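This report refers to the structure that appears directly beneath it.
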Amino acid sequence: MQLPKINFKKGEDRELGFGTSAGTKSRLMNRDGSSNIIRKGISHFSPINIYHDLITMSWKKFFLLVLAGYFTMNCLFALIYTFIGIENLTGVEHINFTHDFWEAFFFSSQSFTTVGYGRVAPVSKLASSIAAFESLLGLLSLAVATGLLYGRFSRPTSALLYSTNCLVAPYKEIKGLMFRVANARKNQLIEIEASVILAINTSVDGKVQRRFQNLELEIKRINFLSLSWTIVHPIDENSPLYNLTKQDFEDGKAEVLILIKGIDDTYATTVYSRSSYTSKEIIWDAKFVPIINNNMNGKTEIDLSRISEYTMVG
Amino acid sequence: MQLPKINFKKGEDRELGFGTSAGTKSRLMNRDGSSNIIRKGISHFSPINIYHDLITMSWKKFFLLVLAGYFTMNCLFALIYTFIGIENLTGVEHINFTHDFWEAFFFSSQSFTTVGYGRVAPVSKLASSIAAFESLLGLLSLAVATGLLYGRFSRPTSALLYSTNCLVAPYKEIKGLMFRVANARKNQLIEIEASVILAINTSVDGKVQRRFQNLELEIKRINFLSLSWTIVHPIDENSPLYNLTKQDFEDGKAEVLILIKGIDDTYATTVYSRSSYTSKEIIWDAKFVPIINNNMNGKTEIDLSRISEYTMVG
Amino acid sequence: MQLPKINFKKGEDRELGFGTSAGTKSRLMNRDGSSNIIRKGISHFSPINIYHDLITMSWKKFFLLVLAGYFTMNCLFALIYTFIGIENLTGVEHINFTHDFWEAFFFSSQSFTTVGYGRVAPVSKLASSIAAFESLLGLLSLAVATGLLYGRFSRPTSALLYSTNCLVAPYKEIKGLMFRVANARKNQLIEIEASVILAINTSVDGKVQRRFQNLELEIKRINFLSLSWTIVHPIDENSPLYNLTKQDFEDGKAEVLILIKGIDDTYATTVYSRSSYTSKEIIWDAKFVPIINNNMNGKTEIDLSRISEYTMVG
Amino acid sequence: MQLPKINFKKGEDRELGFGTSAGTKSRLMNRDGSSNIIRKGISHFSPINIYHDLITMSWKKFFLLVLAGYFTMNCLFALIYTFIGIENLTGVEHINFTHDFWEAFFFSSQSFTTVGYGRVAPVSKLASSIAAFESLLGLLSLAVATGLLYGRFSRPTSALLYSTNCLVAPYKEIKGLMFRVANARKNQLIEIEASVILAINTSVDGKVQRRFQNLELEIKRINFLSLSWTIVHPIDENSPLYNLTKQDFEDGKAEVLILIKGIDDTYATTVYSRSSYTSKEIIWDAKFVPIINNNMNGKTEIDLSRISEYTMVG
């Protein structure tokens, strides 16, 4: 196996921040845009990192965690109320641990949510203090939950749809490296800019190094992303891909890194999206199937579910 | 019908993102700035798209939805409480389904809002569990509602008033395409920039294509939008509109697309506004009526209700 | 009275957005940066404008409004409960209107805040429905209040302190127009940029016109506003103020408009501040008193309370 | 002691905002990026400054303050209820002050949190009014707490890790001033830019002045901060550090000021980080230990806990 020779522009590859020895064996960036790097020494349990996890996890996981937290919290307080004695609460009689625990559990839930029916209520100073603390805790939890839910919804994320594959397709008289993106949300994306970077292993003074090179785009900025956008890097003489073959891509463990930014019109915030294609996800000699057409009323229509469809050429 | 011949600047029309075959029959952009394109394959029921709808719908629709949701939620839980048996609640007696349902309905509302008077309260483990879950749900709904209301109010929207019509009016020694904008809100808009784009059908190699061309503006940026701003494209020799007639506009299904951005001083956020005029909304040989004057105290006064008023000339 | 002759740079004054006839008698901008223009035809009662008022009013007014709203809301619901008959509530007996009203008033407050002690609770379907609606309203009000309070606190405002007067003071070998600003908050302001504009009446073809001219600054951008910043326009031959006298300023109703923007480090948001000095607020032949010094521990110290202090010179 | 002679570029040092006499004895900027300047005349008790303190203080201090505030508030209201007479509340009997106070205290906590069990409830008009006011206050406090917690979590802070020391290390054929930064959070930082400024005392016309000079960086901007970033100022002939010795740094009380900005990908907000190294924190003739390597699976791994490690050279 021989590493591909590529004519890199001087200095350009220094500014990506991945370093030259990084990721020679596995991809640098995952399909969802997260970086494929292991960082040790980060405190996973600092409030800000826990918050970050709660903001970015899936809805399903988030709600399960909320339910689990609520249940655990009530169990904890139920144990405390049972421990100090159920006679500290009005409206319940001591029978046995299980009975007392559940009465305390529901009293706890009524204090935590501040619903406070009052059928069961604290009488002693001790129980009253715990209940006073618990309802404060409930309110603070509500405050945190409000922030979390707002954060989850309003976080500027772009949900760009990327075509599953990147194609090397005929483009004008030459070839072009191209992929297709579209907005999967109902919001409007404006002022969208793309930049595409090739990462490839090459031989520098006999040592394997991972080099990075910016790929020039036919159009690198559009005003609206209402339709789909086929982003094209023309493979002309100035392209670092000129004369490279499918085999070169595989030998050099090529990865096409994509950085897109735009403005989400709903909140006027800048949104960032990243993705990457490894050499296995690049199809040679294929072209995308058109997905835009005018319907019977003369309106333009796009079918986003077909964004990844392509046909082989030649 | 003959398509107008226009001297387009090379490449400039590629970067708008609408494509060349788009919207040859109907307008690309609606008056309110939303794009007139049908996008299939979007999941309308993803949390983020539902949130987007709830943020952007009218206040009336929003409050009706809140009320309907509250009513439905209470009905649902009322059915559950009735189903497991009203004897699981204190303070109510089983009479018949209707009576039980309504007692359960109001108990549900008292649990959901966490008002919890306690006249009716859960006793059994089952009813207590359901009530504990319902009050948690109530709190989470409050959390979501807080975010939604904050999002609705703080969303950077500009509420620019556009004159109903775009005019082709005398301008200095030549003519100009012009329209008027003003800020309909009490906030201050600063650093406002406008760009105006002509979309028109033209014949390229015998095929009808929709082409886009930027229209140069006399002034494209102002510091304050305290008064109204008449945005003018002078129709000189360099203008793609030079020598075009009203008929050319109609034949080419011309559309004037407007993109304005500025900074809302209250929250220091960038706001975007878009609109468009089709050939039917462009009035030839008319000029706007002045709406700014000094009142008796020497203060400058503007009457925004007259922003669309014009008189015919010539 | 003769209007001053000023050598304006061509075109530069068009882009401020105040127009040429604006404000010939009174100041364009108030000291607090709000524009001194009357805008008719704005709907003061649209939700977004009411919200804007609630966000920008003083704390005192805000809290009085909240209290008044709470009182009014409870009165309203108290009247409804009294009207349908106090016997719809448990725990109270019908005595007379006043007594009933106050019992209903407090029941209403307990429903609205969702405290719901339960000493008084609704029994009939009608009263229960009203209470269910009221507690929903209470929760929505809480949601709105949360947003308002957050909006009030987090709104990017800069609270720049401006010296009361603008001085024409000796500056190097010439004179300079200068004023002093400082940050009155505990947050850090970074990347601060200033621009200063002269507005003055002048005679154009025999007609009085208000013209605007940018004034060049010695330094227009600093990295940190930890200390005070004396912003200086050197009055050299290129300055439109060159050779102008105090009398010219008064005859031309000169106004110095100031636009400052910077970044609030706490929230990383851009903040804008504006102010203006009329000819009466400009002191000729005076200079600012130094307010920065090193204290005994070698630390730099600034006394913001003395920012406006100056002494006469010459 | 002789002050070092440095060839400053003209004018460049004017734009930092610290002035020339500032901080000749102590550091200008603390390690955490806050400025080491005493500002008198700031109102520490304005709502916005209190809010700023509550947003920026540590979590521990914040929660202690919340608890203290809750306790104080309840004590206050308890005193009021006791003062007007415990007989204004149902469910409690007057025994003595201590007993009454605690019953009132817990009733207060139940009103403030709106849990309202109802075992104790207000009966008289006076007690009801106070309770109505207290529960409103409770809701407003919840609203403020929600905003505070959201503000604390969502505030764009960067938590950049800086190496404890700045090194003067061999760099290519010359030397370089360098330090290392990394992201200590789980969020992704993109488009990071650094600027480094030297502050040093020098002799200008026989007077000691503190001068500022920008230090050119080898790379001043990277796309991703997934790994660590070693920021290098090459000490070549154009560097103001050229020929300066360790002794010069100490005599001139040199301070290296660092300003870094980047974009937090989670919220797409710009984050700012600042730090500084004094002459005592600069190690001469040392180099950083590598902390990036490929693990067994070919994945790139970084150990942030070793970011400050260095070894002596030469």
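To keep things simple, chains are lettered A, B, C and D as they appear, and every chain counts its residues starting from 1.
Throughout what follows, contacts are C-beta pairs under 8 Å (C-beta built on N, C-alpha and C of every residue); 3 or more make two chains touch, one makes a residue touch a chain.
Predicted model only: the values in this text are computed from it and were never measured.
Touching chain C and chain D at once are the following chains: A, B. Two copies of one sequence, chain A and chain D, touch each other mainly through non-matching residues, since under half of the numbers at the interface are common to both. Note on chain B versus chain C: their Cα superposition corresponds to a rotation of 90 degrees, in steps of 5. Chain centres here are C-alpha means, and the one lying farthest from chain B is D.
Chain A and chain D have Cα centroids lying 27 Å from one another.
For the pair chain A and chain C, the distance between C-alpha centroids works out to 39 Å. Annotation for chain A: residues touching 2 or more other chains are 110, 114-118, 142, 146, 150.
The touch graph of the protein chains shown is complete. By the touch criterion given at the top, residues 114, 116-118, 146 of chain D touch chain B in their complex. In the complex of the two chains, the chain A residues touching chain D come out as 14-19, 21-26, 28, 34-44, 47-49, 51-53, 55-56, 90, 110-111, 114-118, 121-123, 125, 128-129, 131-132, 135-136, 138-140, 142-144, 146-147, 150-151, 155-156, 259, 269-272. Those residues of chain A whose C-beta lies close enough to touch chain B in the complex are 59, 66-67, 70, 74, 102, 106, 109-110, 113-119, 142, 145-146, 148-150, 153-154, 157, 159, 184-188, 190, 192, 219, 221-227, 229, 263, 265-268, 292, 294-295, 297-307.
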